[in-house]
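Across the two complexes that follow, subunit A remains constant while its partner is subunit B and subsequently subunit C.
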Partner chain A sequence: MPFTAWSKIVKDPVTIKDPLNREAAPRYRGFHDNDVDECIGCGTCEAICENEAIDLVPVDGIETKDGDSGLRPKIDYGRCCWCALCVDICTTNSLRLTNEYTWVDTDPDNFRFVPGVDEKDWYEKEDGWRKPVPNYHFYGQERVEMEELPAEARGDSFIEFVKGYSKDQAQQEADRCVECGICIGTCPAHMGIPEYIKTIRNDDMEEGLKILYDTNPLPEICGRICTHKCEDVCSVGINGDPLSIRWLKRYIADQVPSEQYHEILDTQKIFKGDTKIAILGSGPAGLSTAYYLSLLGHNVTIFEKLEKAGGMMRYGIPEYRLPYDQIDKDVDYILSLGVEIKYNTDVDAKMFKKLESDFDAVFISTGLHAGRSTRIPGSDHKHVFQSIDLLRQITAGEEIMVPEKVVIIGGGNVAMDITRSMARLQKIKYGKVQTLATSLESEEEMPADREEVVEAREEGAIIDPGWGPKEIEIVDGKIKGLHVVKVLSVFDEDHRFNPKFDEDNKKFFDADMVVESIGQAPDLSYISDELKEKLELGPRGRYLLNEYNQTSVEWLFAGGDIVVGPDVIHGIADGHKAAVGIDNFLHNKKK
Partner chain B sequence: MNEILDKIKQKYSAEDVKVQRTGLAFVTVNKDVALDAVTWLRDYEGYSHFVMMSCVDWIEDGKFQLLYLLHNPVTKTDVGVKTLINRDNPAMTSGHHLWKQVWTYQRELKEAFGIDFPGSPRVDENFVVEGWVDIPHMRRDFNTKEYSEETYFPRPGRETHDPATYMREQLYPNQPVTAKRKDNDK
Partner chain C sequence: MINKFLGFEPDKSKLPSATAKIGADLDLSSHKYQKIWLGPNHPGVTGNMAIELTVEGNTVVNAKTHVGYLHRGFEKLIERRLYVQGFPTSIRMCVAEPDTNEYLIATCTEQLSGYDKAVPEMAKWLRMLSLEMARLQGLLRGVPGQGGTFALGLGVQWGVYLRDLILDRFEELTGARVYHMYIIPGGVRGLLPDGFKERMEDNLMDIDDFIIRIRKLMFHNSVFKTRAKGLARITPEMVDKYGIVGTNARGCGVKRDVRKDEPYLHYDKLDFDPPTDSDGDIYARTWVRWQELIQTVDLIRQIMAKMPAKGDIKAQMPNVLHWQIPKGETYVRLESGRGEYGMYYVTDGTDKPRRVNLRGPSYTHAIALLEDLLVGADVADVHAIMVSLQTCPPEIER
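For the complex of A and B:
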């Protein structure tokens, strides 16, 4: 203290406690408050804070779950400068600064607290700084629109109608990502989404491809038809459009020619040991298992029932959504790693038993290729088809029946695939579309992706949901149409499938042909009774699997649609887990 | 107010004239006439009170934008005069002769942005920071975070979590990671 200060020792202090307890200005930036129920713990507040004043910490009573890290920001007021950047970047608009600015405490540790969780006096104050909305954003709110062929140009052809992003478009879209990584938890394969989006911003496609293949060896395919649940939890999507994660993935894969894959992914030479693994089915789970097992040095043989690889991706998903050459690009790369594939090989129980002795481990991923029937009167007519059979025939180039009027029963993605395929075939044959799809589920409940329903309607199909099929009317051996009644509810209070109908509210859909698309079932006839007895069952009568998709019979692993239901990315994730499980199993066996 | 704005447009070729709200307007003029415009507003239009002076770093354009905010106590209106100067070797004619408090603002701008105001009294003296050796701290290319990390110690007991890593630990700790097996990994 300078000596001059001692002269003031008997004087009254210059600063005094504010006797009026004056309120700060309405937009004053004081202490934080956070609506912790709205906050998802994305950490953008922490990332933007130039003073490193914010930590993300677990909080009692807030669970980590899909779309919420379970963490909440904790502020260190020893470093906060009240700039409010944390508020301005907040993806949920949950964080704000109140206009409270006075706080006296003798314990410095009290100046670190979790706003909205630790009790403070100022949460009641409505005034303070909030992100001014709308029109004030640190990142783009609207996604870069994907160019598509208009309905009139695509309705009579099976060519791919989603054009893909240009470099400028992809970089502009990638620039909207806040890199929180909340999406990674929701992706079944837990892909490094923010990391590969970053490679687009940096225009480093080689790095991007490497990141994709770390968790997903089918990027061209997933970049087109993934169910992209990651986008449902995108933090940018809470107050804007979510990132187009799927299209960005496609962009990376599209940029790299297949000739460069081996060099970029460092697979020109792969060490192979003497272990042999059989895989049944070359769908996403089978291919994913084959890829990761190959990297680990195992010899893989895939047994495929059909003429080409890809399973439901090739024989279920129409070409306009997923062109065959793009399937080939992903599949050929996996096969080029030394994976053997035996086409047109239908494995029966006898052959399956032989696999047990010829191979060290077996992975089954035979998918859901048997259609389920409604079993309503008339459903055994020869012109009542299963969607899955028709889609397979279309892919195989076989001629199928294309009448003037078609009714599809079903509201899922497969139903939309056959609806749009039949609409195209009608347009080509008759120049007009008379395809109608109906489902038990209402418009809001339909399990199909929204864009599928919208695009089907754009292409001229009628989607009339909320009706229950009662009978297919047949006159003189020919189908006349489908009788339906109004559905009141599909699920009961316990969310079980238990549809209720209003029998008085009827409708009749004219049709020459009916296609059933209400789900698929597996064909596991290759599993002998003897083996079945050894396989432990889990909940819902499914085969019990451990975390590596290993059954209770240690050499047998399972994955894909037969385990998790129809979804490509789930199948890929299953395949990866099973490959690691098989590797561990063989490693332990060797010891 | 519109009349004054029209005059500024005519006399000083003002551009980007914007009425922010009733009683508050901004104009942008060339740096060579910026102080002339400020002087004219003070001496002829009643904007006798100098409110403040500020700067924005438009690093992408290679410019600093200076703002002189003036108040007319009779009409209770404010006019902000903006001007752009080059970011390289930035200098601006001093306005210290117009109001004495301009000295202080110019001294602050010298320290925070490195803008020189030749002839402004005490312009080279420290304003807030002492012994500063880095680039001026309000320039956008000054890395505040790096500076805090290098200069200040972290408070004991602080701990943070990356959301994606934390979610993996909580929800899917057994995420498979597969790298190519090399010959020597046998």
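For the complex of A and C:
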């Protein structure tokens, strides 16, 4: 066919006249862009890059804070192969590739740049490679549900209702971790969270326990009731459920019997020196300080006001959340390191003065054991109780008043604890629950953990937030109920506590008994006036502490709820700091 | 002694012997023979490969293939990367049809980790589509390219233009033109964009037209016929001896096609019959490829018609950052444009493969077979013979 070769001679040329301005396909993998405000610098892009083309670098104007490493990815186009795995795994979906595909530059250094920070022409392009459609994930998005006893089964008993993970469940949950370590920075005790989660994947519980005890001598306790700041910032939680870090910690601690602790943690033999330290209060801060100080070879004596150790962990948190045998497991191990504890010893000002001469240093962590009152009319009635007193009495096994109708004022976790405890006691006594909790804060603002509110409702308690208590009505010496008015706002523009009410919108809650749970205060009466004068005050009227929790009186250290919190993990973090501070102090004193 | 790896003792007398043919006593000092090196950098050689020719006048009397100019250690690189990181490296092992490497890596990891059943239906069809598109773009270059070796360059220009249109479709579907990085362990990385099928159909119609024109241009061309007929003939007896696969085997009547012999993905749901010819020469092989061009266009149409409208594209898999695969080994193969293309994959329970070994058809075609076929050929036909075997040096030395 001789003319076949000529058949296209009259056709237009097929080449594109201006290839540089040809628009690439909407999905084209061109050059990187990063929404630096969305990005948290978790570094999963760096972890998955097969060419090691990505480095996380500090960037001007982006501060390190909780949930943000302060770093941003820097891409090296000498190494990048544009596979976009970095985009596909991005936990925040902030990283993308635009569909720009030509870039001419004479300076080779420009080809290493921080997307979203260094100015580039292609950021305005909307198209480009983004993470594909839903159901395309590089790690599990959904949390492995923790099994709990149903409300019917747990409502009339103080038995622990969270069942704990099985091995399969724990490993499945641990698999979701991307090991970014954002959680480490946020955890007050800076626990090695990705490392101990890794030991679950490797089924190496002994290694896991070692990692836990490096930073936290109360893993059974924290594995149950930690306020888990880590989970709030978990990068996996940005587009899915955050990892159940708390339950995974509990899983490790639950797997190892206490008899093996000494062997695994290598504490059969600890050399003790001649230094003596007194600790006031055996709550998390006191126990944690005692633990690290005894490992450092100091002789520690704890003075505990109550019958058993644990402080608020035992006498504040109900048994259904934190069983006593689990507290004993953690506490007994710390005491077994040679820590002396004096129970039922209430240290007063006189005794405290003696401690100064008998011991080389004193650490105070006496917690917040005094309840705060609303001071509304009627709140001085004998059937108006402080939640913290009731919780202590329940733990101590004392008989408390359980009427048919109870109203609780407060929206925090302690309020939920007493609400759920009262609900249980009512269920046991009357077979039905008539407990109501009300708070100033609205449903969204309530400081209590969401799950606490949900579970309290499951157990039959009524939570009616957004009401301000006005008066407790008393007829013939008996409480009739609580008058409340609608709250318009709790905080003012400056985020200061300044509630505003709608006085016309009223409500009345029937009650035979009212429990106040609006916060606790410290009792520092053991500090003499003479000593008080020497102690410098810091912001908000608290004693000024240095980075090692040392007060301006050099032998006196402080920690726990009287300083920060209130929660367990901050207390443990204080323990780290105070133990190092006391050790340094004694070391320098010897010289 | 029984070979512990193979489980039997191979009969070595039946294997082709490299020394037998070199045994010809070629006395270079006689000035009767001359050595010519074709490559490693020569525009007529596919990739970086050298053929050491000993010629007597215009006739090749001995040929030796030299490789090693391109070695990048990709298999080893993959062995040092996580399972999910393997595929961007693997595609470089064969530039002509990179998707085949992606498919092999993905399928090996899926099989060994037990996720092969979890790959969604949609992903399987899309994998097939991308593999057939890869075959099509390879043939659009390969079929007219055979004419190019006989100085018939026009067909190549037509073909490369149409190939670019297919690359446009790849760009839409996968986000890249050549290194698509589309098939990932567990599925694929994107659904069909809106209007993709219509645009694809437009391109396929252009290709239909091209197929008719190239038939007239090449196969009715007397020069092409004269030079390609009878040249570098492969006989059916040689097929097993040399391990010849794909269109090279089908060109001499041995019907081998992994898509039919051991159907993978959904090839058993497609209606096709691999074309064959009986002559076994270059003309026959090119003719088989031309027929395969028609068939591939038809297969793409069938796939687009039969694939589901929507569905998941990726299975739920473990976290890619610490995905560990239990100890095991597998060999996965597929039918690439050049023939059976397989990967041997060993895992040892860690998060990285223990051994990755690619078995490409070019290893036998470009070394053992080519060296023998070149003997007696004209120097001017060396390129044609090499191209007709579809040699691809990157897949020989991974």
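Following the convention adopted for this analysis, the second predicted complex is superposed on the first by the 569 of 591 C-alpha atoms of A that agree within 3 Å, B and C clash if a C-alpha of one lies under 4 Å from a C-alpha of the other, contacts with A are read in each partner's own complex, and residues count from 1 in each chain.
The working rule: a contact is a pair of C-beta atoms (placed from the backbone, for glycine too) under 8 Å apart; a residue touches a chain by one contact, two chains touch by 3 or more.
What you see is a predicted model, and the numbers here were worked out from it, not measured in a lab.
Partners subunit B and subunit C, once the complexes are superposed on subunit A, run into each other and clash. Using the contact criterion defined above for the overlaid structures, shared-chain residue A:L212 touches neither subunit B nor subunit C, since it reaches no partner.
In the overlay built on the shared chain, the residue A:E50 is in contact with subunit B and with subunit C.
Applying the stated contact rule after C-alpha superposition, one finds that A:I184 touches subunit B and leaves subunit C untouched. Contacts of A:C42 after superposition on the shared chain: subunit B is touched, whereas subunit C is not. Once the two complexes are laid over each other on the shared chain, residue contacts for A:L368 go to neither subunit B nor subunit C. Once the two complexes are laid over each other on the shared chain, residue contacts for A:L85 go to subunit C alone; subunit B is not touched. In the superposition on chain A, A:F271 contacts subunit B only, with no contact to subunit C. Of the two partner chains placed by the overlay, only subunit B lies in contact with A:L71; subunit C stays clear of it.
For the contact definition in use here, the residues of subunit A common to its subunit B contact set and its subunit C contact set are 50.
Subunit C makes touch with subunit A in their complex at residues 81-82, 84-85, 87-89, 154, 158, 161, 168, 171-176, 179, 181, 187, 189-191, 193, 213, 216-217, 220, 312-314, 316, 318-322. Residue ranges of subunit A in contact with subunit C, taken from their complex: 1, 4-5, 7-8, 14, 24-29, 44, 47-48, 50, 81-85, 88-89, 97, 129, 132-133, 135-140, 175-179, 198, 201. By the touch criterion stated above, subunit A contacts subunit B in their complex at residues 41-43, 46, 50-52, 54-58, 64-65, 69-71, 76, 78-79, 109, 112, 180-182, 184-185, 190, 194, 214, 266-267, 270-271, 273, 292, 295-297, 547, 576-577, 579-580. Interface residues of subunit B, counted against subunit A in their complex, comprise 144-145, 148-149, 152, 154-155, 157-164, 166-168, 170-172, 174-183, 185-186.
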